[in-house]
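Once you scroll down, you'll see the structures, which are given as structure tokens.
Shared chain: chain A. Partners: chain B in the first complex, chain C in the second.
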Partner chain A sequence: MNGSPYPVIAALDALTGALFLLTALGVVATRQVLASLQLFIVQSLLLTLSAVLLGIALESIHLFAVAVITIGTKTLMIPWLLRHTVSSEVYRTREIQRVLNIPTSLLLSAVLIVLAYVITNPLIGAVEVPFAAINLPLGVAAIFLGAFTIVVRREAVPQLLGLLAVENGVFFAGVAIVPSLPVIAELAAAVDVPVITLVMGLLTRQIHRRLGTTSVGELAALREH
Partner chain B sequence: MLERIAYNLLQVFVLVAFAPLIEGVVSRLKEILQSKRGPSIFQPYRDIWKLLHKDEIVSDHSSWIFRFAPYVAFAAPVFVALLIPVLTRYPLFFAFMGDMLGGGFVLALGGFFATLAAVDTANPYGPMGASRTRMVGFLAEPVFIVVFLTVSFVAGSTIPYIVQTRWVTPIANFFEPSHVLLMIAFLMLILAEDGRIPVDSPSGQFELAMIDRSKSLEYSGRGAALMKWAGAMKFMVLTIIFLNVLVTPWGLAPEGSGLAGVLIAIPLVLLKIFGFILVLVYIESSLAKLRLFRITEFLGAAFVTSVVAMITRLSEI
Partner chain C sequence: MELTVILLLPAITSALSLSAIGRRYAAPITLVSAVVVLVLATVVAWHAAYAGRIDALDQWLTCDALGALVLVLVAVVSFTAALFSWGYIVGHRGHHSEAEIQRYYGLYNLFVLSMLAVPLLANVALMWIAVELTTLLSAFLVGYEDTPEALEAAWKYVVLTTLGAVLALLGFLILYWGSRVAGYEPFTWQGLVEAAPKMPPALLWPAFLLILVGFGTKVGLVPMHTWLPDAHSQAPASICALLSGVETTTVLYVILRLFPVIGVAQGLDARPWFIGFGLVSVGIATLLLIYVRDFKRMFAFSTVEHMGIILFAAGLGGVDAHLGAAYQMTGHAIAKSFCFFAAGMTAMTIGTQDIASVRGLIRSSPLAALTMAAGALAIAGAPPFAVFVSELAILKAGVASGQYAAIALLSAFIVIGFCAVLFHVNRMVFGVPPAGTAIAIATPATCKATLALAAIPLLLIGIYVPGPLHDLLKAAALAMGS
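Up next is the complex of A and B:
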């Protein structure tokens, strides 16, 4: 951050990034399904904020497009889709079955964050955008944490949220590395992600209807009718 | 020189005098938030006064530790108040006698004796609460270590007077991610160390669920008064460290402002503490107490937050 031409925006962006990482940790660790959905919404809002800050600093209209698309799809459309396709019974679930208990998964998350910093450290010098030093490691860390969420959770909806958190991480790193990404790429993502959500939501709905549960961990064996 | 000794003692006086008031304000506000009227904010003073005039009953089976512990518990926050910036921005006479780790050790000594005293009487609830306090304590310890390490790494010093100016000059430092994360981690630590919801219920009367409060169940009369007073002072010391060193080091008396500056700083500091209490009461009223084995998760989250703060700091973003 020191020596950056935009000290105030860099500080605000770093703060946004820190909170972004905290919400990613929250998606890994929260017990309630609904809470992890809300954390995902907050995470998307922070991604939007970071895109707006970078858009102001780098005077890039593309980043504002990213912000608008993120707000539209990730904070409005995806939560709406998830709430309507998956039965509300799933959201009342409190105890999520997990592969690892919460303290262990939090400690492993800390290791993953360190790993993200270690592997992105040589890359930061390669890109010339001043905000890459902030956004790249945090974005990669969010990717790791999202993937870790998919591994560690055993409920369908939180796993899906982990996947979407990976997507958020990609964007968080992406806005800093390629601030002039063509809008077509963003639009593609904006259409893709809700469709993925819709498909997975409907699948989850079917599973829930058939089996009365969405605990993916119990779906270990195939059975033919 | 003499002036600085006097201000230092004034800090201790402020701590001893206002700690019960803060406890009273917390419980009053909590009751108001629950649509009740609540006791007067001066109730803790009356309680302490009443207890000081009552007879003290000590079990025959207890040793000297039981009688000695309230004095240690009372003295520990008083000593810490000599080391930390309560009212002034410049270091006072005793400021270099110990750093933040020293203050932490002194506070831990008070807690250690309170724990020993709880085991000493062989009241079944005492050792239970004592062992639980130790559990919370050793889970909180790594968070403390990482927070102190990061803070002193950033400021290049472990003396709290030097640390506090680092975060606000220039003001952009305040929004550093490591600073914000440290604030969150330390807030969680205060909740755990002081036995607040969601870790422990400070107003709970159910012995089986108690963590912190069951340690002083056996005390009566003067011992009970000192333990109660010591608890209030410990909370105030933690709050002051949080506010004056980590979060809002404003409103303190600047160098060369003399006695007037120090006296003006008293209401300003109390105002800051009041603001913090509002946040605390909101947290306590909106959360439920965690089950005992969920405390690991709470402090695990605090630990990861502090570790992330350290990493973001060490990698210099």
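Up next is the complex of A and C:
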């Protein structure tokens, strides 16, 4: 950050962002369902931290609202909802059969991270916004890794967490590019995430009850013959 | 006032359906609520066509002609689907318990509410939430049959369309960023059109692409369409009518709203993208139509085709092409919902969705045969149905604008799609029924009534467009920009 008006906070935010990206990589690479959930909670805490740091620097009350909502929905409500909808048997599951093995997945992840920097570069150049240079590429990288998680993981809960990681990525970028997002939009997003979790958790339970598996990646009855 | 009631009524009906009253009366109260919403939506559309935009609730709700068109289409199909549900879900209840039927109606009304909210919410961020809720509220309706296939379809539906919606969310955040940079505060469609000329193109362009691809997933644009034939073939027929007939159109409406925004921006052109995505969707959908084996899947692929045609028409630009697009949206909503009612009735009487197992429907179940044939002709675009007229209008507008190559391709695809649909339906309707084809169950009276009622606009609007509807379509076409 050359010429940044907030050198200390920018450095802390960059550190937070690096850890944020590491957790996204972790969700791609872990086999255990429970570990994926724990990594997601850490990722949400890092999103909260970034929102607080930017809130202090930009003196924006909205970002503190984002922080409070993130803590409430993603670190408390989501684990609670998942524990009450999905049976504990599912959390002990280890994915043996992955679509891609872990080294290949991580290699492709690295490519995706580089791609995120390349495609966000023109946006950062176009408009001078403090912190966008840190948060936007890292947020987009987390979006890519979340989407990639959905592709490579076959278990239902990790796919859901991949989706929520994409959402985290959007907000990680969002806190920097639109620090004054109207509170109404934040509240709406706060409703959205628990509803996604509830619907997908209940659907996972139904699939588990009906089919005796939660390995949704292996369901392939529907296709063109 | 009307706008507020339109949104309140389904919410109240949903609560009533889930309460003790709903145990016996969920179907009739849903139907009554749908009729009232339809009447109010017609009033709103009338006003929007002749007097311009309507605002309500301190401008939190708004409705112009384009929004009113979508509103009316959702209201029409949610009414016919509510009537069809009465016989299909309650009458022919299968292994479903009373509580499951109540839950069906609770979600049905909320799903309809989310679709009605999309064209009415003035704040674009709130509208995004409404689109996202259309998926989440309909997930259990897609999985209602509780078969392994239905659950697989529901899972894919939620994962892929939510992923698309979250990408679109990033697009909307960047749009908001752009309008702040341009110095505009209100995050409404009108505000965006005003802000667009001053927005940096480096922001507007990625926002457009993210929303096109993200919401395009939910519209079923190729190559993001993979979930669509699954969800649209596994859901109960009444829900398929809503998913295919209007849910796709409702999300496409959001993409069409971007057209005037990009149109006034410096140095950006949405047209090639609309035409490109449209053509690819139509082309792939017609190829898949040839090989399809399940008749509900066939109608689902036909939806992908129609969404492509509408997007293509929007991309041509100009009032004539946009009028064609608005007319095609109307024709598609009416014909596609009719097709799924007919398909639901056929599946109910024959007990399969497999095209190859259905032969000589005209002898075993004349009503199902007749409605299948009429629906297929209407959706494939045979004269004198509305889709024929709108497709002709779109092709004419394309020739007038000099897009010869694109129009030649589109015409070829439409002809292939036409032949494919009619080939399959012809084999089902005529021929000798295989031995042992028995009529499983008598068709419930409300299902017959639905088909009779839905046939009226199906047969009529291709021949005669009432003045007010024409004026609404014209105003909607103008709202799509040029």
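What we mean here is this: the second predicted complex is superposed on the first by the 219 of 225 C-alpha atoms of A that agree within 3 Å, B and C clash if a C-alpha of one lies under 4 Å from a C-alpha of the other, contacts with A are read in each partner's own complex, and residues count from 1 in each chain.
Please note the rule applied: a contact is a pair of C-beta atoms (placed from the backbone, for glycine too) under 8 Å apart; a residue touches a chain by one contact, two chains touch by 3 or more.
Computed from a prediction, not measured in an experiment: that's the story for all the values here.
Visitor: Which partner does A:A173 contact after superposing on A: first (chain B), second (chain C), both, neither?
Guide: Touch status of A:A173: second partner only.
Visitor: Which partner reaches more residues of chain A, chain B or chain C?
Guide: The larger set of chain A residues in touch belongs to C.
Visitor: Counting only touches as set out at the top, which of chain B and chain C does A:A147 meet: first, second, both, neither?
Guide: Once the two structures are laid over each other on A, A:A147 reaches chain C alone.
Visitor: Mind working out whether A:L123 is in touch with chain B, chain C, both or neither, as first, second, both or neither?
Guide: So A:L123 only meets chain C here.
Visitor: Touch check for A:A156: first (chain B), second (chain C), both, or neither?
Guide: After superposing on A, A:A156 lies in contact with chain C but is clear of chain B.
Visitor: In the superposed arrangement, which partner chain does A:L15 touch: chain B (first), chain C (second), both, or neither?
Guide: The first partner, chain B, only.
Visitor: In the overlay, answer first, second, both or neither for which of chain B and chain C A:V199 touches.
Guide: second
Visitor: Scan A:V216 for contacts with chain B and chain C and give back first, second, both or neither.
Guide: Only chain C is touched by A:V216; chain B is not.
Visitor: Residues of chain B touching chain A in their complex?
Guide: Those residues of chain B that touch chain A are 172, 175-178, 180-181, 184, 296-297, 300-301, 303-305, 307-309, 311-312, 315-317.
Visitor: Which stretch or stretches of chain A touch chain B in the complex?
Guide: Its residues touching chain B are 1-2, 7-8, 11-12, 14-15, 17-19, 21-22, 25, 29, 102-103, 106-107, 109-110, 113-114, 117, 121, 133-134, 137.
Visitor: Can you list the residues on chain C that touch chain A in the complex?
Guide: Contacts found on chain C: 123, 125-126, 128-129, 132-133, 136, 139-140, 143, 146, 148-149, 151-156, 158-159, 162-163, 166-167, 169-170, 173-174, 176-177, 180-181, 187, 200, 202-203, 206, 229-230, 233-234, 288, 291-293.
Visitor: Under the stated contact criterion, what part of chain A meets chain C in this complex?
Guide: 119, 122-123, 125-127, 129, 139-140, 143, 147, 150, 156, 159, 163, 166-167, 170, 173-174, 177-178, 180-182, 184-185, 188-189, 191-192, 195-196, 199-200, 202-203, 206-207, 210-211, 216, 219-222, 224-225
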